[in-house]
């Protein structure tokens, strides 16, 4: 069999490395499984690069991967700022790629590069659903906290936008820095405003701190997070306080899909030390998509780009994938989750949906 | 703003300030004894917290679940292990470099901070994710209107205060403190006075690191959340606080710590345009303060003669 | 010599990383006496003191205090053996008060009352220090610092006191007084090993002396003998 | 054989050896090979030091400074040409060069004058943002590089009062605070792209587009990074000459005096403020110019590139190389930029390894890899 | 030869306090052209302080300083140096990492061109200035210790204390000052070395036009031989002034400073 190289880029060091390593493991799993498949035409080799979640490092990594002609396809980027810097390079070197985690709309919609695809949804879809769902639950007033990274600021922007559409009211919003420890000042002010819900746009570590400190100050409002907190480590981090926290994530719930179950089993069997985290399935799906393409059209960047451009209703462990003309997966269903007994449970399956348990303030 | 709310801000700010002050005291100590800045201080704090956390897990695992016993166990293990770590750092990284340019020590300890942080991230089970630190203190709370006072906060504040007072007495009133100050100024002459130089340096680093571990456990108990990156910013802020207050005396560290916490709280609460600017605000004030008092708010007594 | 040696230096060699400084120096400091060491700049006098204190450990040779070998001991153990030192250039702790400086002199003494007694004695000798007890030593004039340094040496109540060029930068009156003080110290039974440039006055109070040149002892004898030694006279007496 | 002929041969041999080393080091990817190469190099250096070869070589080099400079430039050109078609190695080489320029700036500040600056990345970043903002305007891009430097110098002047009034650790905090403030400000404030960052147009010199590959003939197409490497090399040479000339002049002497003893310097008429301001401003200027070109080359910048940790990387380059040592800075920049990159295969462990390597180097070479020597006003001249 | 009796330096009621300590108390003195004045007094009597106030390191709390007809009381150190005052320090303050030549050139500041253009671009002219000054420094060093003249490019840190003192004096002299302040130059030297130093200083005085010297010393032999006049300080106050012989026999001085026989 001929050897073919594919690549993965993600943050393997630094604050969000947990997600990055989970993504890398998942991509690696996809390659391993493919290599174990006797019917595969090629033998694949995975090249991984660390972006440190820093644009300059990410651009270096992108250049290294893109300029290596033996690499045919790439699954890359969890951090949007890095993705934004790197897309130009993929275009320049005609490297077909799929994003596996970055949620900023501009990554796909900010350019016309046909090389760029994304299997996960953008934060637009997510906040649309989130705002609608929460107002439907009868909540009226919010206080928003967001970290001042592109992720947090983006969520703040879109959530505010969609909440206004659905008639919710934001009493105040607070930008916090992504390494902040203490939120008592912001939360004390929030407490005074007495909102129904505290929305947090940001990632798990801050989400954990904010949830824990709400308790300290005796804030009883409902806590709602963006996709960034939908991880097991959020639950581990806040302990019992996680009960009833809601969050929203693109993609169909993995364990509900036949392929998803398979992924989870295989991931466990492969014996990775780290968890796959929320975006592991996307990395896995994206890598499989690339591998499918290479199997189909051969190890050729241009052909692979063309192949990806035509993807419609492609089966994957995160549901069907269909790219629009910006390479954005349009079937990005959003799943609503709630924590029940120390587990993220799909809302519709939860006791909250049946009314057996109630969200805060209800 | 009503009084209750104001009170709430004050108590929150004091907790934060106490944490900063404890870190700053560590910096002051190291600076005091060897004129070095040990930048891994924040990370030692973090490791101390994880050591405490592991102790808690261990105690729970062997069936000890009395909160008080657990608390004592957590504190003892955490402080003792960090004191040991501090001494090891002093012995193998700081002392060998004492004749090199002072910035080198800074760089080495900075790198050591990275080593500690990365080690926890990579080798502690699931170390890259935040951990839930247990509440081991009574959680009674008293509410007065919009003001909630929790028993654990009060206990932590008092504990922090006692530690700082203890360190201060140790430095200024005891023979050990005298030796520490002497070693800081002139190693060779201190030796000639019969001071065991190495021992004093190791002790000081053990002391400072023990205080850091205490601050770390306090941090964990207060926020109920710990993570491998928690020490980085705390270290930078603690260092800034020690400097703004004025190096070389513990009151400066305390003042700096509370000042910094006050600025951040004020920034978050009172900035009309956007609370996201609160760090910009706090650091800008710090720069202005240093420009105004270039050797710290409680200025170091000058002794240089021409 | 009839008296027993409080301090014996036996054939020591010492060097800094660049150059050899001491090349086989042997000295003996009789107990209860003042022994002086003379020699020009850079002869290696201070190096001998550093070697005794363990600050610049000798490469070979032996150093004995009361028949206990000091070679290889860390400095604080040397001090514990009953040696104290008034270092070259005073070396007061600049950011500490006079009182703290004096306390450090008696660092190895635990008893507060003993320390207070000794401090009172020091204040008796140097009333200026009592006046300035809370001044930072670093801000004092050169001579005042010398007082602090000597006082600090006395606080240890040592068996052997090493003094390196104490009169450097002192006023003539004070130099005289200084030598008186040294004599007084000696009269209290403390063995003194004195390094000096001021040959006349030194020999006037010393019992025994050595002359060092380029790392070797070139002359030795009683103070009397040395002041009459013609060569020494020519080389070192102004 | 005459002494001078021997010298020349030695230098040529060294240059050849150095070139071979650089090419291999950059080209190999296999971790074991990288470690083997580094070990061999380290062993060679240690052995050479043991047998006094290093000393002889350094004497030989200081006798033939001009030749040595030429040989180094030639060696770099050979390496660059070797990788003419490989984008990534060229990108890394250019990155090293830009770090070198920025670190020269820091060297001027605390290597020479003792003005500590822990906000190097911020001043570098000001250059980057200048390039981003001015890149689309009609300002000639070569000018933009200079303007990047000027912007860094001007914004730096906000700090002049606190920097002049403080020393040591106090000054460190001023710059640390500034660095943090700078980054937070960029992140919070959306006018400069906010946390998402900004695109930066590439360099374009009189119609010569730096961002397209250079086609020499049908089959030979040089990487477009070649443009940046060459421009960066020119800038490094200019910066080096500036630094050298300053060091070997009365200004360098004034800088040293200010660093070593302000009181004595003042008593001999040296205007402490003037020289501190000069060093601080000039240093920031250099960092700013490096930043401007870097941004153009990278094409994209965001606030997270200019964090405290990035400033520390710059500082560590200066310390590792040896304070005030220009060649040391160049070596250290190469090491600090390339080593983590070369360690990519160990992935998430590489920071750990990197930090450990740094600690070891600093423990065994506290004065830096190539400590700065005494000032030789005129090369080879001894009065 | 006709001696110009121009006043070079005058202190009028100079006062300086440190907290409660009055280091200088209404100190008056005058110094004329080419005079060597010995400033003596017990330890802590304010000698060094008077140098520090004069050279602008400390501000005066009262009184004035006049140098060559100008009031320089509140001038910063740099300006005082430019006007022609150079000094040594009681505790040597050389830059130990720098070469002998560098250290001496620091003292030559006012005679060097510090323009950025000159230093960076006019290398030829700069090199000429360097070689010229090197020659001059060499000549000066030759007087004090010929061996040092051959070690011009070695770091000062490797030298003996006594040579460091000599270099400090050269650093002060190289700029041809009008007034040289020497703070205990002979401390730590043997008699022989002290005598040599004294002769060297006298020799230099012949070379430099109109050089006046204030000498702080505790070595009375030196004071006696070189000074034209002595001023005795005690507790910051002048207690006596005159030729050494007269001063030495003064009862107050005997009591406070010399300690009579």
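By letter and in written order, the chains are A, B, C, D and E; residue numbering begins at 1 in each of them.
We adopt the following convention: a contact is a pair of C-beta atoms (placed from the backbone, for glycine too) under 8 Å apart; a residue touches a chain by one contact, two chains touch by 3 or more.
What you see is a predicted model; the values in this text were computed from it and never measured.
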item: Co-neighbours of chain E and chain B - touch as defined; value: C, D
item: Given chain C and chain D, the chains that contact each of them; value: B, E
item: Distance between chain centroids, defined by C-alpha means - chain D, chain E (Å); value: 43
item: Length of the line joining the C-alpha centres of chain A and chain E, rounded to whole Å; value: 74
item: Distance from the mean Cα position of chain E to that of chain C, given in whole angstrom; value: 31
item: Centre-to-centre distance between chain D and chain B (centres being mean Cα positions), rounded to whole Å; value: 34
item: Residue numbers of chain D (touch at least two other chains); value: 184, 188, 263, 348, 351
item: Of all residues in chain C, the ones touching two or more other chains; value: 139
item: Residues of chain A whose C-beta touches two or more other chains; value: 13, 17, 21, 148, 175, 177
item: Contacting residues of chain B [partner chain D, same complex]; value: 31, 37, 93, 96-97, 99-104, 107-108, 110-112, 114-115, 118-119, 122, 236, 239-240, 243-244, 247, 274, 276-277, 279-280, 283-284, 286-288, 290-291, 294-296, 304, 306
item: Touching residues (chain side chain E, partner chain C) in the complex; value: 18, 21, 40-45, 48, 90-91, 158, 160-162, 184, 187-195, 218, 220-221, 256-259
item: Chain D-touching residues of chain E, taken from the complex the two chains share; value: 55-57, 76-78, 81-82, 86-87, 89, 93-99, 101-102, 105-107, 109-110, 112-114, 116, 119-120, 123, 126-127, 130-131, 134, 138, 152-155, 171, 175
item: Contacting residues of chain B [partner chain C, same complex]; value: 175, 178-179, 181-182, 184-186, 188-198, 248, 300-305
item: In the complex, chain C residues that touch chain B; value: 53, 55, 74-76, 79-80, 84-85, 87, 91, 93-96, 100, 103-105, 107-108, 110, 136-139, 152, 156
